[in-house]
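You will see two complexes here that share chain A, one where it goes with chain B and one where it goes with chain C.
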Partner chain A sequence: MAEIAMMKTQAETALADLFARSKSLLPGDARSREDAFHRFAVKGLPHRRVEEWKYTDLRALMREVAPLAAKPDAAAIEAALAVESVFAAAEPATIAFVNGHLAKADAMPDGVAAVSLAQALAEGHPLLSKLGAVSDAEGNAAYALNAAFMTDGVVLHVTKRVEGRVALRFVTTGASAVSTATRVLVVVEEDAAISLLETHESANGLAHQPNDVVEFVVGDRAEVAHVRLNAESDAALALSTVTAHLGAQAAFGSRNIVAGSGLSRHQVWMTFAGADTKGAVRGATMLGGSQHADTTLVVNHLATGCESRELFKTAIDGRATGVFQGRINVAPQAQKTDGKMMSAAVLLSEEGTMMNKPELEIFADDVQCAHGATCGELDDDLLFYLMARGLPRPEAEALLIESFLGEAVEEDLDDAIVGEALMGIVEAWLKKRG
Partner chain B sequence: MIEIKNLVAEIEGKRILDGLNLTIHDGEVAAIMGPNGSGKSTLSYIIAGKEDYEILDGEVLLDGENVLEMEPSERAAAGVFLAFQYPLEIPGVATMTFLKAALNAQRRAREETELTTPEFMKAVQDAAGKLEIPRDMLKRALNVGFSGGEKKRMEILQMALLEPRFCILDETDSGLDIDALRVVSEGVNALRAPNRSFLVITHYQRLLQYIVPDTVHVMANGKIMRSGGKELAEELEANGYADYKAQEAA
Partner chain C sequence: MPAVQETIDRVKAIDVDQYKYGFETILEVDKAPKGLSEDIIRFISAKKGEPAWMLDWRLDAYKRWQTMQEPNWARVSYDKIDYNDIYYYAAPKLNAAPKSLDEVDPEILKAYEKLGIPLREQEILAGVEPTNRVAVDAVFDSVSVATTFKKELAEAGVIFCSISEAIREHPELVRKYLGTVVPVTDNFFATLNAAVFTDGTFVYVPKGVRCPMELSTYFRINEKNTGQFERTLIIADEGSYVSYLEGCTAPQRDENQLHAAVVELIALDDAEIKYSTVQNWYPGDANGKGGIYNFVTKRGDCRGKNSVITWTQVETGSAITWKYPSCILRGDGSRGEFYSIAVSNGMQQVDSGTKMIHLGKNTTSRIISKGISAGRSQNTYRGLVSAHRKASGARNFTNCDSLLIGNQCGAHTVPYIESKNASAVFEHEATTSKISEDQLFYCMQRGLDEEEATALIVNGFVKDVIQKLPMEFAVEAQKLIAISLEGSVG
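The block that comes next holds the complex of A and B.
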């Protein structure tokens, strides 16, 4: 029987060419990169007939491939980092990347050892064996492309309860659009704890193509508070993945705020491998114009007595599109699982679109799992109440949108300074909206 | 002075107000009583600017200016205040944040300087103290988890802070126990002033024992059927509204 080969798109051909040109220049084992690219190439760019990409047809949306960003020079680094970070008030120990390459690193606080990914790959760092701890992500197109192209990033080894915060700052700059592929591995040993802030910014309005992966391997009784901010330019095509492999009695929280990118896809795989762990994934997404933002989440309960909480809020203006796909899988042995997932969207214009697809797949019989999805306009009665107190309509709308998003931004965030910085992002978006 | 002239309004083709006329002078407390469905709440919403109604005729003049031509927020800045029968819960908006936003929005609209945070805090705490509103309530999300009585006290707190010219109390007594009714009424009475007018909407005479009106008006079928002094409320309590319903039907 003849095999029917799919025609390669221009972008797929460009990715293959880019990989062929780049692979010998990238650090580490070429073979594993080739394997990763192969995993991508056999299926190509995912499209709407691939269920997990149904609402974000990357094959149609990714027309061109920007060249891999070169290492910037000192002047470019200085210019890129001259803008104050959103989290400056939190005074984190910061590791900064410009165009996907390590650019500047503060001394890490006690209990954190940092090695650049490029160095770790070149030296065959032992912790790299922890990469891919959540194996479900392996066949995913964005993850596989990142594995093929990953240029730099950092390996963070957390061995104590860390005082203060650590920030990873990614800035993309340059005269023309570039693509970047960064990988961060955070290994948190037993009883250790870290607060990690991650920002992604473009210093100009070009159509950059960042593809970032952060992998957490969280030991027993360890704690992680992760906040991620997508403040890319509105022309950017941003792919991002967070994986979390959680031990027993641990506490993990990851929060993603989307305040930029023309097209973004944020994927989370959270796996409960140890018993009695709490994991929470939250997100707030602000969209306008023709932006498209996809959040895709897979929660795997493999152990008993774990609690998962997922809360996503999306505000959609203009002709923008929001996508939420969330799945909670409960394995037969994961008894006493307590899972709750909620996605709520507010449509601020007639032409906005929200796609919600929550799913539960439960194979254990003694569990509590719930999911919900809502989509609607701002409540007219609430608006009237605020206006009757003197708030002009735009201010009344802004207050309601802020409170709507605020739940996902600030809930359970035990860090007032970071909360304030994030609400500042929300306020700036509302101001821009007018 | 508030002059409501020949107000005619419908909702979804159903006539709710049918040529209503009412004048309330400065410093006057006017009470409107009437049976269910007589259009009392509709009148309050229309004056405050709710969009659900179609106004076919008439005007509502506040010091000679027709508020019906203004946005709800402009009416508020001009001095119209509606104490809601069912104050809304706004999750995620701290009461303090809301109060400050409302007060400063009105001040901006009137081209007055905004209050500084210490000035604002003092104003809120003074008003809250008089209404027996505990401080922690001000930190919570607006009206969320508040009891019926707490919500009504919060409405009066807003009234005290915003210092309106014309206050409409829409069935403020509903859902209140005797103690809460007393606190709320004292709060309202403390705001009575020569340049402030009140329109008190109620089913029952009880509220009017606490907030003693200067005039009482009976509303039925979308218009004022009879006006009088406070003794009219007592007469209604004794005889009910049957006369007015019959009068309309005849």
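The block that comes next holds the complex of A and C.
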């Protein structure tokens, strides 16, 4: 086939218009936003012939572009935040965003300094130089669009071991669909530690288009525990990216629970830049109806003796589609790497679909890497066992699904309150499933 | 942990500078002018004495090929191929259709002798008759020079001949099946092959016949600047069985040569085809100069219920390998198997794997792939397992291990696992193969020393592959297969 220039889709044209209209109104240097938009525009919306987007054809799936959300008024903020947060029981110090704009911030615990991203961009905050520490993400369409449109977010500077938890709460509200772009930068200095809870919520029905990025820069011997919850509208098109640049002897854990969104794509780039660090990325995805959820992960081992663990569980009901694409790269110098990646999916209906692509790319000879992928229905023997003990079928199924997802939801989570809150979400999903 | 010494030694023994088949045979050849055009295709077709439908088929493919682009998704890199700088037809000057081996150029016979391929039936038959006899189709550059045991096979009803002959003698079978598994426009190289294929093997095993001997084709590229484009078509009719093996070698040269073959297998109800390959094309020198570009499309269609297709491959040659022997599991209860060992040395690049496409109910597939990379080579496993909506009860097990020797090479795994049916059960794993202490202890307690015990357990580990190889190949490939994958990285 001859090389043909792709016609711009309606959404691509709308994005270009939206950018032209809003760029002068957005905080910070317009130049770097233009560069970012250009990186997106040259390739346009990724489609199935772009390998990293093979199973999530954004060009076909993103038909329209919602307008950028305006800053809400006080009444709207109050109404949006009146709903209790999922993690309320954990009593975190919370920074809340409504429609992508900073709305309310609790006092931060000792060891954490927070500056809103809008302010940081306007002032040229020195820590912003740490943005883009994982350079591999730069050419990615979702990441580039976020860089072009980011309205607000927060820069968290963690200098100590922080007691208690910090929560970032993103709520989208209003009468019509909007798009939001938030960016969070978390710089964790040497020997510091933080537990970060992140939630994304919007009421069902509206086709919001959130595009969020969280970047972690983790110093030597620092520790990060990150939990992210996607509870967006069932019609939302949610793009999210987490990048982590890890120093030596650090410990990093990030888990993503998908309980919402009509279409979601969660991307993780984890780079081991220092030796002897441990990193774990987990995900639990619950899908029904015609939902589509994509998890794409790239782990880069650049240093010696690091350990990475990736575990993803997907439960698929209705006509939903689950996607897992993971790649572990091991550079020639990253000897003694120990990497294990696993994706397991359970199909609960006749019409569900699961696409798995667990890749390894290895250039070092003294390493251990394993990857696994399974896909199937609930085990008949196990179901029989439970039903023989008097459980009705739906309950027996629920129990099995709960334990299946549980591994990715709460295992290795040293926080019982957060674990309980997350399992509550799994239970609610199972209840809804009936 | 790194690879064990025994493995390193074995891989070294087949390093690129150890290539044994690099000799050249000086012959008078009959060549088409260099380059590719409609005229060349007409020339090839006329040389083969083909009917008009075949020429039209070729010309149509050529037209389509001109609109296609070379694929670039594989993890291989090479300089752009100038498709007009290749001879598409080169044949040793033969008497028109040699009736016996005596009419074949003795130089060619010598070449096969050197390669250890028996072409003379009487030699094989003299003395004690061996239990395992093999019928050989010898393809030299663009033509088949000899096919053995044809008569005996014909008595059993098996058709075993060159594809050129089949087009002339059995046009109804060729027309019915050619291009039904690998369509003309399947991919860039398959379409090129459809336009210019010069020879290859045709096998038809009739209903209920168990082919009385192993069939094999031995491919040899000899002439400079030529490409080899062969096409193999094997049809196993209802309830039949055939085991086919292919081998290939080429002289040592500084230029790269293109080999773009197409293999189509068709298994009807309850039929079984076992297809084995020992691929040993010239791999280029230690600095990556020369070598064969092996861009091959191989696909089997389990068309009938309960049919079985097994691919077994031992890959050690070629500068670049781009090949994915696949199975379309169309018939209910059909089974596809893929067993592969790919060893890369020097600057070799391997991008190989399989596709198991489950369409029918209760279809099963199994993939065992072992990749070993040494030197500065790159070895990629790329595979697809997919279950379509109607493939209820489909089952797949995949196990792919890779091992690196040294830190200048790379091992990559790119599996695609796509399931659209809840009752399909797919498992993919790539595990580190450690020898269990218990097994070692058990063997040593019975008087084996540690080394012997290790060898025994490793042999057990690879028996999956070795058991699938026909006897003759097992001998040739045994050493390779016995390579320990201890220290594999997943």
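In the analysis below, the second predicted complex is superposed on the first by the 428 of 434 C-alpha atoms of A that agree within 3 Å, B and C clash if a C-alpha of one lies under 4 Å from a C-alpha of the other, contacts with A are read in each partner's own complex, and residues count from 1 in each chain.
Just so we're on the same page, contacts are C-beta pairs under 8 Å (C-beta built on N, C-alpha and C of every residue); 3 or more make two chains touch, one makes a residue touch a chain.
From a predicted model like this one, the values you see are computed outputs, not experimental measurements.
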item: Contacts of A:Glu51 with chain B and chain C, given as first, second, both or neither; value: second
item: Which superposed partner A:Glu377 touches (first chain B, second chain C, both, neither); value: second
item: Partner chain(s) touched by A:Pro392 [first = chain B, second = chain C, both, neither]; value: first
item: Partner, of chain C and chain B, that touches more residues belonging to chain A; value: C
item: Contacts of A:Glu407 with chain B and chain C, given as first, second, both or neither; value: first
item: Intersection of the chain A residues that touch chain B with those that touch chain C; value: none
item: Complex contact set, residues of chain A against chain C; value: 1-3, 51, 330, 332, 335, 339, 345, 347-377
item: Footprint of chain A on chain B - complex, ascending; value: 48-51, 71-73, 75-77, 81-82, 84, 87-88, 90-93, 97-98, 101-103, 105-106, 109, 141, 158, 162
item: Chain A to chain B touching residues, read off their complex; value: 380-382, 384-393, 395-396, 399-400, 402-404, 406-407
item: Interfacial residue positions of chain C with respect to chain A in the complex; value: 1-3, 67-69, 73, 389, 402, 404-432, 487, 489-490
